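Below are two complexes that have chain A in common, paired first with chain B and then with chain C.
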Partner chain A sequence: MLGSSALSAAAVLRGRRRRRFLERSTPYWLIVPTVVAIGVVLGYPLYWLIKLSTERYGLFELIQHHGQSVGLHNYASVLHDSVFWHTLLRTVIFTVANVGLTMGLGLAIALLLLRLSAWVRVLLTSGLVLVWSMPVVVAAQVFFWMTNYENGVLNYVLSQAGLTGEQHDWYASTFSQLSMVTLLIVWGALPFVVITLYAGLAQVPHDLLEAASVDGARAWRAFRDITLPILRPILLILTSLSIIWDFGVFTQPFLLIGQAKTQPGNFLMSTYLFEEGYFRTDFGRGAAISILMLLIVAILSVFYVRKMVRIGEEVA
Partner chain B sequence: MKRRSIVALSVVAVLAAAVMTATSVASTKKATASSITVWLQVDAQSGWPDLVAAANNQFKSDHPGVSVNVQYQNWGDHLQKFDATLAGGGGPDVIEMGNTEMTKYMAAGAFADLSAAKGSFDNSANWLAGLAKSGVYNGKTYGVPYYAGSRVVTYRTDLFSKAGIKKLPNSTAAFAADAKRLYAKNTQKGFSAFYVAGEDWYSAMGFVFDYGGGIAQRVSGKWKGLLSSKKSIAGLTAYKNFFYATSRAGKTATEGAPNPNPYDVYAQGLVGSMIGPSWFSCCVGAKFKGSTAQFVMPGHVKGTSMPGFLGGSDLAVPVTSSNKSLATDWIKDFTSTAGEKGLQAKGNIPNATNLLGNSVNERAASRSWFVPTAKHWVDVENGNILRNMLGQILTGKLTVKQAASSASDNIASVLNQS
Partner chain C sequence: MKQAAWNALGLIVFAVMIFPVFWMISTAFKPDDQVIALKPTWISLRPTLSHFTAALHKPYFWTDVKNSAIIVCVAVAISIVLALLAAVAVARYRWTGRKAFIALIIGIQMLPQAGLIIPLYVALARYHLTNTLTGVIITYITFVLPFSVWTLRGFLLGIPKELEESAMVDGSTRLGVFVKILLPLMGPGLVATSVFAFITSWNEYIFARVLLNDQGKQTATIWLSYFLGTSRHTDWGALMAASTLTAIPVVVFFLLVQRRIAFGLTAGAVKG
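Let's turn to the complex of A and B:
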């Protein structure tokens, strides 16, 4: 009797433990499909990319379907290439300019949306959504036509208005080329940032702002001490996403500048990677460049990710 | 709990389905012997689709039951597409290659050796030497000459006579003087007496060769850049002056994509004359068809012609093809005497000397230049080294000497890669 009750008590305990184990492990089981999917979709190609980056893999090897292992030679050759360092610096400056403009203008337009009458707000939002829905390739082509030297509508309008005597070449220098690319990227990136920030602004409690203004706080002060802290997590997420996107952006620069005009003097990391990997059919070196790019983006965004995690912990 | 597991299960199902569709898409169909795939450039699609159809019919009557799948490609990205098929399969059985693109691929072993079949191609004993050379590597024939083209001046006869130009220019100096006359009569904005895009390196190198310069030369096993030589610099300077005097195209514009094609600007009535392949006459616009003619670009010495780039295409059979003999037969049909005469009628230079005539195109080819036949030449082209140099010269960012010597060093280092 006693023995059986002890036995049943032990069974109950075991059952409870098992249940607790199951309960505790449930999250892990739930996450397994995601981890497997990521492993298949990302891990496998990443493994091949790393393998490729340690091989000599040119046209000859491509036909043989077999690379020759060269250890870290590809990395060494990239890191000793002055084009790589110039491109990296150019890309960092380009990224800072693009992210800065996107976030600054995005925040300004989102704040503007708050002050607008309902129908203007609807109009502006629809315009933004239309921009958002435009495929990048189409946008680049239209933008290219508009700014074309010979037949572009921009030069036409400027010369009709008497603002430029001669046709202006919008792609004459690297600075000018990358400025046009920046214009296109920022134009395309604004809708997402504006709409997300506008949604974030809706969370700022009205009574807080009202109380502040009753207390005599000016608009700037209220913005700095109330609005901005509430928006901070969203701003951080958007900034880190923008950094990742803009650092590796390829479609806009490649299409707008054009293959015929792409050269080491106007490379961004992505076009450098494409030219070295695909146009020179040096896939091993291309793979090494992309691994380095991955590391750089990881370093660039680690700061933001850390902050984001900290904010997450504070909220929790 | 139950709802959660249902959600989790459906997520797994969706992901599994996604993975499965992805793999099913990736497995490509294997080519069967009942069809061959041919990659030709769009030039054939717009210029001579009837010749392609004729070759296909001939091929089909020789090989009943085998169909030909012709896929048209663009110059800008056909090599990247071809590389992808070399790695992953599903590539063409016949591919058209630009003559400057051949060496790199022959050196890497991308094409089947056609030396044994060479004798069975029409006129193969008389193939154009320059073009045939681009399809030979280490003494073996990998490319069959398809057609060549030189670059000529296409011009508006009505504008020339209105400007009082009675005789076609016989030197670049005379041409520049005529340009002045054309500008006096045509004052509209954007008009070019002689339209040449600033970074049109084919035209600019013509000046370099006209002055006795060159691009690169192999000296005891190593490539040496020649653009920084005195003669090349004289040629580049002449090009710069000629451009300033005659053209209002963009200084950093290219001779085609992303820039508009010269004949499109011509069709708008904004061009007195332009340089380019002789088939440019195809697309000058209905309005100007009757008042358009061509002449050979003059050189700087009176009475000579400017050396023109001898462009051309070869046809090759990729090693990945599983129908190599069928592919070779199709090339035979396409480059037959009848086919080549058809190409000639469209304004191209046929692939053999015994077929040559006396068109402006063929006369222009009498003095021609070609790029260095180096394995890595195509990297110089794709790296836009020459275009970039011309942009620097014309915008005045660098002097001719500075730009030329930096490009020269660059070219040497690319060509000397292992």
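Let's turn to the complex of A and C:
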């Protein structure tokens, strides 16, 4: 009688311990499939990337599945190449210009939304969502059509206003080519930025702004002392996301400038990598460029990733 | 008076932003002489569907749409199943290594795709997976999976834990709670996440461009990007019709889920 109850108590205890072990290990079982999948689709290729960057690996080696070790030669070759440094500098300037325009115009339009009558606001936000939904490849084709020199509508409008000739070639100079790319990128990025900022502006307490205007505080002071501090976290996150995206942008420059016209003079990091690594089938050197580029982006991402990890602390 | 000025400014911004979309549709319906003319016709009074027929009869359109559908459906289906499990772990449990896992999920999404083409291409070539749909599916999982984990986590946080706890008290197992309570409540979140993942993969350009060489194996996005060809005289009308056709499904899906998904990237900073 006594023995059997002790036995069942032990069984209960064992059961409870098993349940606690299950409970503790559950999250690990849940992430195993994802971790394995990431390891296969990303970890394994990244291992290859590092290996490739120390090898001579061209078309011949690709077919042989075997590269020739060359130590750090690829890195030396890239770092001694003025094209790399020019491309890096160009990409930094390009990123600053694009992010600056996106954030500046985005903030301006978000603030404008506050001043609009309801019907104009609904119209503008719907238009922005429609623009947001446009696939990048589609947008690139449309911009190419609008800006072609023969019969593009941009030339028509500008020549009517007396600003350019009737057949101005927007793809004649590097600066002009990259400006067209900027136009396309900023146009495509604005909806996300504007709508997110506008949602953030909804958090600015109305009575506080009204009190400020009663106080006679000038509009820009109310903006600086009340609106801006509240928007700050959103502005920071949007800016860092835009920097990361614009630094690595590929599809817009590649399609709008066109592969035929892509050359060292208008390279951005991604198009440089595509041309020098993949297209010329110099995979070893391409791998070295990839690693350098990924490292730069990793540094740029630290702020955003840390912010998001902190947000991810929350458990329901 | 002042209000009218602000509204006018708002309408100008609207007109500028919407113009490319308007111009795409407007061109797609214009007869050729109006497309080519130096002086543009804003809206044609003689609309035609001939550009759409021309676009649809371009070789490989339907084949490539089918390829896109296969790639996207498989990549999204695999990712969503795996992501749902991981999202539960992140949103419902505290465990050692959780922070590192979240950093991994977020960090991967920041990697520029161009930086990954060479390792993916070479690694897939080793297993003869370049120029196959399977190869592209594998590369799409690299961005769909982390995105889905993070987005589903957000939806899970929106479901009150009390529901599960009361069911646990009633004697249900964890698995029982998951299947009977969490899964049905996750329905809308799963649909929204899948649709958004569907859109991103459908629009993906560089991986498909690098991995698929046969015209019969490409995706709809690549099909559109090659539409111009090399000919001197571009058929702008057909190009715009093809662009419209490619955009329609994406736009429709996007409008359905935009509200639910849009704020995932800035989660926490904005109360959407």
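Everything below uses one rule, namely that the second predicted complex is superposed on the first by the 243 of 316 C-alpha atoms of A that agree within 3 Å, B and C clash if a C-alpha of one lies under 4 Å from a C-alpha of the other, contacts with A are read in each partner's own complex, and residues count from 1 in each chain.
The rule is short, and it goes like this: a residue touches a chain if its C-beta (ideal position, glycine included) is under 8 Å from a C-beta of that chain, and two chains touch if they have at least 3 such contacts.
Everything numeric in this text was worked out from a predicted model, so none of it was measured.
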First (chain B), second (chain C), both or neither touched by A:Phe94: neither
Contacts of A:Asn151 with chain B and chain C, given as first, second, both or neither: both
Partner chain in contact with A:His65 - chain B first, chain C second, else both or neither: both
Chain B versus chain C as contact partner of A:Ala37, first or second or both or neither: both
Partner chain(s) touched by A:Tyr171 [first = chain B, second = chain C, both, neither]: first
Touching partner for A:Glu275 - first (chain B), second (chain C), both, neither: first
Contacts of A:Lys261 with chain B and chain C, given as first, second, both or neither: first
Which partner, chain B or chain C, touches more chain A residues: C
First (chain B), second (chain C), both or neither touched by A:Gly312: second
Chain C-contacting residues of chain A that also contact chain B: 26, 30, 33-34, 37, 40-41, 62, 65, 144, 148, 151, 278
List of chain C residues in touch with chain A within their complex: 3, 6-7, 9-11, 13-14, 17-18, 20-21, 23-24, 27, 35-40, 78, 81-83, 85-86, 88-95, 98-99, 101-104, 106-108, 110-123, 125-126, 138-139, 141-142, 145-146, 149, 153, 156-157, 159-161, 174, 202-203, 205-206, 210, 221, 224-225, 227-228, 234, 236, 239-240, 243, 246-247, 250-251, 254-255, 258, 262-263, 265-272
Touch list for chain A against partner chain C, complex: 23-24, 26-28, 30-31, 33-35, 37-38, 40-42, 44-46, 48-49, 52, 57, 62, 65, 109, 112-113, 115-117, 120-121, 123-124, 127-146, 148, 151, 153, 156, 166, 187, 190-192, 195-196, 199-200, 203, 233-234, 237-238, 241, 244, 247-248, 250-251, 254-255, 269-271, 273-274, 277-278, 283, 286-287, 290, 293-294, 297-298, 301, 304-305, 307-309, 311-316
Residue numbers on chain A that touch chain B, as the complex places them: 26, 29-30, 33-34, 36-37, 40-41, 58-60, 62-63, 65, 144, 148-151, 159, 167, 169, 171-173, 257-265, 275, 278-281
Chain B - residues contacting chain A, complex: 4, 8, 11-12, 15, 19, 76, 80, 83, 86-87, 104-105, 107-110, 189-190, 199, 248-254, 256-260, 265, 268, 319-320, 379, 382-385, 387-388, 391, 395, 397
